[in-house]
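What follows is a set of structures for review.
Paired with chain B in one complex and with chain C in the other, chain A is shared by the two complexes that follow.
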Partner chain A sequence: MSITDIATGPSAVDRFFQQLGAAPVILAVALIIYPLIVPGFFTFQIGGQILILGMIGLSLMVLAGYGGMVSLAQLTVAGIAGYGLAIFGINSVGIMGFGWPWWIAAPMAIALAATAAALIGLISVRTSGIYTIMITLAIATAFYYFVNQNYTLFNGFSGYRGIQPPTLFGLYWRDPLPFYYLCLASAALAYGLVLYGARSSFGLALQATRDNPRRMRAIGYNVTAIKVFAYFLAGLIAGTAGVLYVWFNGRISPGTISVAESIGILVIAVIGGLRHPIGPFLGAAVYVLMKTFAIDLIGAERFNTLIGLVFLAIVFISPDGILGLWQRLKPHLAPTSLRPHHEGRD
Partner chain B sequence: MNASQAGTQQGVTARQAWALIGLLAAAALVWLFLAVWPEGLVSWMGPKKTFVNAIFNGVTVAGLYFLVASGFTLVFGLMRNVNLAHGSLYLLGAYIGYSAANWTGYWLIGIAAGMLSMAIVGVLLQYFVFRKLEGDDLRQTLVTIGISIVAADLMLAVWGGNTYQFSVPEWLDGAISTPIITAIKSNGDAVYMKYPFYRLMVFVAAVVIGIGLWLILNRTRVGMMIQAGVDDRNMLAASGVNVQLVFAVVFAIGAGLAGFAGVVGGSVLSVAPGEDVRYLLASLVVVIVGGMGSVTGAAVGALLVGLAEQIGLVYFPTYGVVLTFIIMVIVLAIRPQGLMGAAR
Partner chain C sequence: MKVAAGERRAVLGSNGAGKTTLFNTITGDFLPSSGNIKFFGEDITHFPVHERIRRGLRRTYQISQLFGGLSVRDSVFLACRGVSRGRFSLLRPAIDDATMAQAERIIHATHLDHLTDSLVSALSHGEQRQLEIALALAGAPRFILFDEPAAGLSPRERGELVAILNSLPAHIGYIIIEHDLDVALKVSTYVTMMHNGRMFKEGSPEEIEDDPQVQAIYLGGGHG
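So, the complex of A and B:
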């Protein structure tokens, strides 16, 4: 920034940072230096997992928050990308495994997942509201049973092992540091795209469809196409996360996409808050930290009871998740008139 | 020519065509059941016994699915809330029934315990959870999801990961001969098919309960209120009926049926963690296919899903689920409100 800039008013970059405020910048810096100050376990096992699950939660948030469609099949979409990667690329099981290089296999897997997501959307937009949950849950459950039974395509119960991320630029991308930054970059990209997309004309049309589909139809929008396209976009995010998740685990099996795990994604998104894209990442942080450290508190076996109770508490106390709690603690951040759900619900 | 057109307008010719197709299919089915299969058919579809067994099993399973799903669909129809903890009610009923039967030694006490305990749980759920969140579909559904997570985990804590097997009392045990000839022996004697008596009784029980439900809904005052509530809840409340009480009754019936099905189903198959999800999926598909809020729809849906599942299991084992799934997709494509559902 040179001094002459001040005379001509703030530049575009300046205005951007002014609008942004300090908090996101601090957060971004913290996330970037985070792996440099914590041990590798926190970088890979916790940091990576939070970002991946946060991305899958983000794909649910896009559908639920902007589209009003609570889909329980987002982990299924991620799982389709994971299975796609195992089938297109290299695995150590000896079933399928076309052996395509990663730069073909990974994009193909993501494209496959997004296509599957659009198909799921096409099925579930036939109905609306609470039915979406039921239909997507049925799809997720059916897919889980299917991969569990089917050995020719999905290798049944044991699934695929030995799926490796590439070694590129002299880095093995499953090492904690590169993998963390890979996840961070993907998550930041997805987050930025969602923020941008929400204010694009498509994002506005999607939100308008959520609020009043009949009116949107009346003024000439193709409501079905808007919703299905939203599923497709969310599928791109979930698919990307699915590829990362397989690299993270090194394997994929029906257990990864079981019904409990699918519901876990909903838990993550709801705990964090469905109103803003940052919510799912917050929720994922709570979820992963609790999953990792609840062992010390209550024993590993009862994690589900704990997370279930936290989830119930959030649903009862603060329907907008942690974000909602935060906004209630900081009343000046959100005027009461914008929060219609809070009267007399405690 | 598709079904949605046939169903709605200028029906006569289309309806006749469908009736003809239906009659032909029924005739073919009767023939498949009664005739001794010729060689060609056996080499194509396997022995007749396999086929008839699959159909019988499908119908038995359909009976179970109907018991679980009818409660689910009733609760949905009346209260517009999706109780995703319904599978947990099934499994909890089964566990409690098993423990009670094991403790007392009487299977029937197990049935009563499973049914009554779940009816009570249902009323408690309605009173403490759903009434608090009335009118907020999404939150009610989320709460039921939370409950099912906690319930599954606590059941795992109490009953462990083992698979339990009920022993059915003697008067229900054993196999009976059916008048269906599966094969002819070389000496000319006919081989009649045997089928477990208990499984037949499960189906009979489902039919009896189905008819009972239908009678309650269509012939009694409470049933009238429930039906009225399904159509227009506010109007029912406005005409002076204590809607909350009706809700509680329906919830008790629905949850009690799930518990009953748990014990009965646990005796056919087994009781193990994960069964809750299986029956939840079955209930979901059954009511999506049959139409939400319709008991008749639940019966039709259960029959379709049960048969599809068992036939799939026998004839294309690794793609069995896909068949169920395809049925759901086809119904959603043609009639999004379900086969018997009212248009929304």
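So, the complex of A and C:
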């Protein structure tokens, strides 16, 4: 679809749904009725966590898929929002906790995270490829050890506890159903904005910078500014997910943002696929389900081996992750008459 | 070296003479070790690349530098957007967007209409060379550096290239580096010969063509 294809006139809504196709509508309906048919554990612990980790993965997908910058510091950015919320709002540890109401504390925490993300971007955009991975890994590691050892601001190893989401419209937002829908709405909003923004002037400029930064300079763009702004926008998504993650856990400590967990975000994005914003959510689903149930399948001693083997199998069979698998299967699933003829290329 | 506004200059010289280095210095990819660069009277020696571009300087590359993952339309749109406002807009361009209309005009002027929605990586070599020129024409250029635009083109495509260059508005000046003398002399009014990083000879296309020294170094198969 090109930009000028955007429909006008009274049939705009019809055209929109025609272009959308059936799959997204079915998926949306399924996600909305999902918590009504499964137990609370699946709503909160599985559903909520998939959506939150999917959002952090989405922030990495924006950087890596559209911008060609693989950052291992996206969980760190989410963690900064989490710590920000604990410090600005209310916690039960007795350190910091400014006591600001949630509707100030949460946006401030997200803004803080996005600003930090822009700073991380500023440091790392002069590198590319594996060096970006290395420098963001170094930042993530440094932040982990810093919060682990700093007690005045971050309360060291034990971090902050007792960070509660608000009670609003008579609903306690940490109850499974409201929390799931809060996560679903946030994730859907982030997903929709990314999908829309990918075709905006900035979205195209980011993808063009990924393809050829030298040419981007030669048509008048400040490539560094584009990359730093991309980090900022991805930081807004990761920061929002960070706030939700703290409400989900009720606490934040260095363990939440450890290097292993940071690599987990990369695993989510890669096994899901970096070509489309839906990829990280698929990746998060596999990741969370494996982390939760592998121990039941194989026992406590070997469950990490099983998780590793499943991830290895996905990436081995399809370097494009689950998205790539789906692209390969789709032609075979279509009714025979609708199958495209062999196109001579893959 | 001085080139007047609106002038069309060819820079010739064997491989390694320093022609592309000259371009890289003018656009700011390399900093000069000495001397300065003035663009329409303004000293741009220490400007970053994008600031020079926004003042009306453009270039093409010897080896195409394009956006493989984007369509032709989006590429030219970005080139137009790069020198206008709204570079960081998070909104999609409207149907009647002026920048988009400008992009369509440039696509038409460079004979790429039938490929507007094609992915750049799917274009043939010749089409990619045409797109190189389209990107340089976007957004009111004042001066363009063409780096071997005819490289690898078929005779028919070379004819089209000459037609495109000769149909540029008179106020747009350019320097063209070109190994194909036939093309270079057809689209330029003045010629500079370079040799071993220095300017060696200047003159009209006819003078250069007839110069015995030039023929010895360059035309006489000296770079075979």
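In this section, the second predicted complex is superposed on the first by the 315 of 346 C-alpha atoms of A that agree within 3 Å, B and C clash if a C-alpha of one lies under 4 Å from a C-alpha of the other, contacts with A are read in each partner's own complex, and residues count from 1 in each chain.
As a working rule, a residue touches a chain if its C-beta (ideal position, glycine included) is under 8 Å from a C-beta of that chain, and two chains touch if they have at least 3 such contacts.
Because the structure is a prediction, the values reported are computed rather than measured.
Enquirer: Quick check on the superposed pair: does A:30 touch chain B, chain C, both, or neither? Answer first, second, both or neither.
Expert: Touch status of A:30: no partner.
Enquirer: With both complexes superposed on chain A, which partner does A:302 reach: first (chain B), second (chain C), both or neither?
Expert: first
Enquirer: Touch check for A:289: first (chain B), second (chain C), both, or neither?
Expert: In the superposition, A:289 contacts neither chain B nor chain C.
Enquirer: Looking at the overlay, does A:202 come into contact with chain B only (first), chain C only (second), both, or neither?
Expert: Second partner only.
Enquirer: With both complexes superposed on chain A, which partner does A:219 reach: first (chain B), second (chain C), both or neither?
Expert: After superposition on chain A, A:219 lies in contact with chain C alone.
Enquirer: Which partner does A:189 contact after superposing on A: first (chain B), second (chain C), both, neither?
Expert: neither
Enquirer: Looking at A:259, would you say it contacts chain B, chain C, both, or neither? Reply first, second, both or neither.
Expert: Touch partner of A:259: chain B, not chain C.
Enquirer: Classify the contacts of A:211 with the two partner chains as first (chain B alone), second (chain C alone), both, or neither.
Expert: Once the two structures are laid over each other on A, A:211 reaches chain C alone.
Enquirer: Common interface residues of chain A with chain B and chain C?
Expert: Touching chain B in the first complex and chain C in the second, no residue of chain A appears in both lists.
Enquirer: Along chain C, where are the residues that touch chain A in the complex?
Expert: These residues of chain C touch chain A: 27, 29, 48-50, 53-54, 58-59, 61, 65-71, 73-75, 77-79, 81-83, 86-93, 95, 100, 116-117, 135, 138-139.
Enquirer: Could you pull out which chain A residues touch chain C in their complex?
Expert: 2-4, 6, 8, 196-197, 199-205, 207-208, 210-212, 214-223, 225-226, 229, 233
Enquirer: Given the complex with chain B, which residues does chain A contribute to the contact?
Expert: Within the complex, chain A touches chain B at residues 70, 123, 126-127, 129-131, 133-135, 137-139, 141-142, 145-146, 149-152, 259-260, 263, 266-267, 270, 301-305, 307-309, 311-312, 315-316, 319.
Enquirer: Which of the residues in chain B end up touching chain A in this complex?
Expert: Answer in residue numbers: 80-82, 84, 132, 137-139, 141-143, 145-150, 152-154, 156-157, 277, 280-281, 284-285, 287-288, 292, 317-322, 324-325, 328-329, 332-333, 336-337, 344.
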